[in-house]
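Take a look at the following structure, please.
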Amino acid sequence: MNDLTQAMYAATRLIFSADALLVSIIALSLKVSFTAVLTAAIIGFPTGAFLAITRFPGRQMLIALLNALMGLPPVVVGLLIYLLLSRAGPLGEFGLLFTPTAMVIAQAVLITPIIAALSRQVIEDAWREYEEQLRSLGAGTLAAARTLLWDTRFALITVVLAGFGRAAAEVGAVMIVGGNIDGVTRVMTTAIALETSKGDLPLALGLGMVLVAIIIGVNLLAHGVKLTAQRFHG
Amino acid sequence: MLPLTLDHVEFSVNGRDIIRPITCEIQAGTRTMILGPNGAGKSVLMRLCHGLLQPTRGRVVWHKAVAAQRARDQAMVFQRPVMLRRSAIANVMYALKLAGMAPVECRLRAEDVLEAVGLASVAERPARVLSGGEQQRLALARAWALGPEVLFLDEPTANLDPNATRDIEQIIGAIHASGTKIIMSTHSLGQARRLGDEILFLSEGRLAERASVDLFFRQPQSPEAVSYLRGELP
Amino acid sequence: MMFKNICLALILCVGTVALAQEKFITVASTTSTEQSGLFKHLLPVFEKKSGIQVRVVALGTGQALDMARRGDADVVFVHDKEAEEKFLADGFGVRRFEVMYNDFILVGPKSDTAKIAGGKDILAAFRKIAEAKAPFTSRGDKSGTHAAEMRLWKVAGIDPQTGKGTWYRETGSGMGPTLNTASAMNAYAFTDRGTWLAFKNRGDLSIVTEGDQRLFNQYGVMLVNPAKHSHVKKEMGQAFVDWVTSAEGQKIIAAYKINGDPLFFPNAR
């Protein structure tokens, strides 16, 4: 119990002191995860829409594969990206290892399948309702995909949030490809892992509470936007 | 593009015959009502004509090429209107844009047609918050805006109250008066009498009888039509 | 239109993320130097003086050397003389400089089930642990500390692998997590003094053996060989190596204390 009280105290102190270091770590966490989510959405949405409205041999296999990839182990992704970006690896010359860009890549790889698979489900449900009408109006695959993406936008916000949550909470991959370098690639989750290593469990848990609070905050905000917009647009 | 010729058109799903060979020619000008009990194949027949379904055997042949001034040669209004998640006027403009019309022209045309169906006052409201009757009027406006040569209507008033039904029937009349061929299925004998010029009577996927409205109701020739009009269960 | 805006935003985002500081070196080092807080104390002085940012990736010594072998670091700063000399012999390092030392210690629970507290002889302590089959947590991660521990078991004539799954537990993780485990299960653990002094979650653990000559823990620093990896930042890396072994760097290392106890003793020549 004592540890938990101390953690609460540490969390409160961290939040109210607005410690510059903590703020920079939070800022980097958000920046990396938002960029990763954006990248994943740009790839995942069209993929999901394409899988939802086209029919071709092997489509079901691809959907099953995509669903399976939602459970990609972060450590494996981290290792893979590490080997690709390492100086000795095929993309070594770009010098991206141990940079925030490497972390964005790792998180994007982790959550693109989540966004693609979930948006595929959302869009396929909408397609069942829209298909005859859109085909009657002469919409081709591309036009139909764009229309469905726009019309399912509120449901897709939830999909994006699922991706963001996974990205922001992930530690295994960003630890490996980012290196947890102080001031450069240290984000909330790796900072928590570090403090745990140092045996400062109350501080680690306090940071954890801050992270959870941020994730809840982002979700509340998005949910509010979604509800307001939905009430207006029906 | 009329007349429309059905040449031994058949349609089956998983070995079950939905449409048994139908051969007929549908002329321009008249309002054709498709009648028949549930499961007779009315909706499927219209979808075959409209091109949403491909016949298992036989051919659907439209005659001449489309006249240039029309945005689309045919359109369809469904039993349940599919409203895109955007404003009423944007729903109409969407169809026009898909048909390749310039944006400025789209807006003017959409405004005109909304005026004609009595929805000018709710043009900027989100389509999905409109009442059922308003939504079906909007669906008619969306189809009408395209200036099709043929308009298919699949039980357009099945879910509506008498007042809304009267509005819809008026609009269908106006669309016909503007030079569009009407092909419509309905369960309401009164509606068929009010709106129709000729009847195609379907029973178990067969074209059991074809006659003018007057003759059909006065002196049905086929036993199926006789029993249907008597309200007997077959 | 919207798609274009999103793309633009993305490029800007990635751009600013990537644009941080240009003048930096990457140092592969060990968890003991990072987690003891030494780098936080030492690096800002160097960065201010040279204008070179030092990016530390803290791993076990074995992993740190592997990372340097792949060319992902400019400098290695580790503590396993044998492994470092192998690294040099393989041509991956330029020259090894000794920087500082501290010592390893054996920590254990208050109950002291193997009855070793107070003694100085680390080999005797290890033998007693094995004899009593007292719980012992090991790093098991090829780090410098792990390598030192394994050498001591060997000299003591014990193969701890025979106790695997019973009293000998390999955590396969860093010093901190290993100490967390030891603290939670009241086990003995072999650690460097720096990490121990900075470690907060001690629970019932305290030092049971220290001061043996064999517990000497030497840290070395090396520039990664630019002949092997041409992108190594030779000048900036060497500047860092020169500085930590200079009188100024050495003085700052000596000045780092926790509760009045020095953690590292400079000994560059």
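For reference, chains read A, B and C in written order, and residue numbers begin at 1 within each chain.
Basically, a residue touches a chain if its C-beta (ideal position, glycine included) is under 8 Å from a C-beta of that chain, and two chains touch if they have at least 3 such contacts.
It should be emphasised that the depicted structure is a prediction, and the values quoted were computed from it without experimental measurement.
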Relative to subunit C, which chain has the most distant C-alpha mean position?
B
Chain nearest the overall Cα centroid:
A
With chain centres taken as the means of their Cα atoms, state the distance from subunit A to subunit B in Å.
46
Nearest whole angstrom, what separates the Cα centre of subunit B from the Cα centre of subunit C?
78
Chain-centre distance (mean CA atoms) for subunit A and subunit C, in whole Å, is 32
In the complex with subunit A, residue positions of subunit B that touch it
47, 50, 52, 72, 75-76, 78, 82, 84-86, 94-95, 98-99, 126-129
Name, in rising order, each residue of subunit C that touches subunit A in their complex.
6-7, 9-10, 13-14, 16-18, 20, 24, 26, 31, 34-35, 39-40, 53, 55-58, 70-72, 174-177, 179-180, 183, 198-202, 229, 231
Sites on subunit A touched by subunit B in the complex
129-130, 132-133, 135-139, 143, 147, 150-151, 153, 232-234
Subunit C contact footprint on subunit A (complex, rising order)
31-32, 34-35, 38-39, 42, 86-89, 92-93, 95, 97-101, 104, 179-185, 194, 196-201
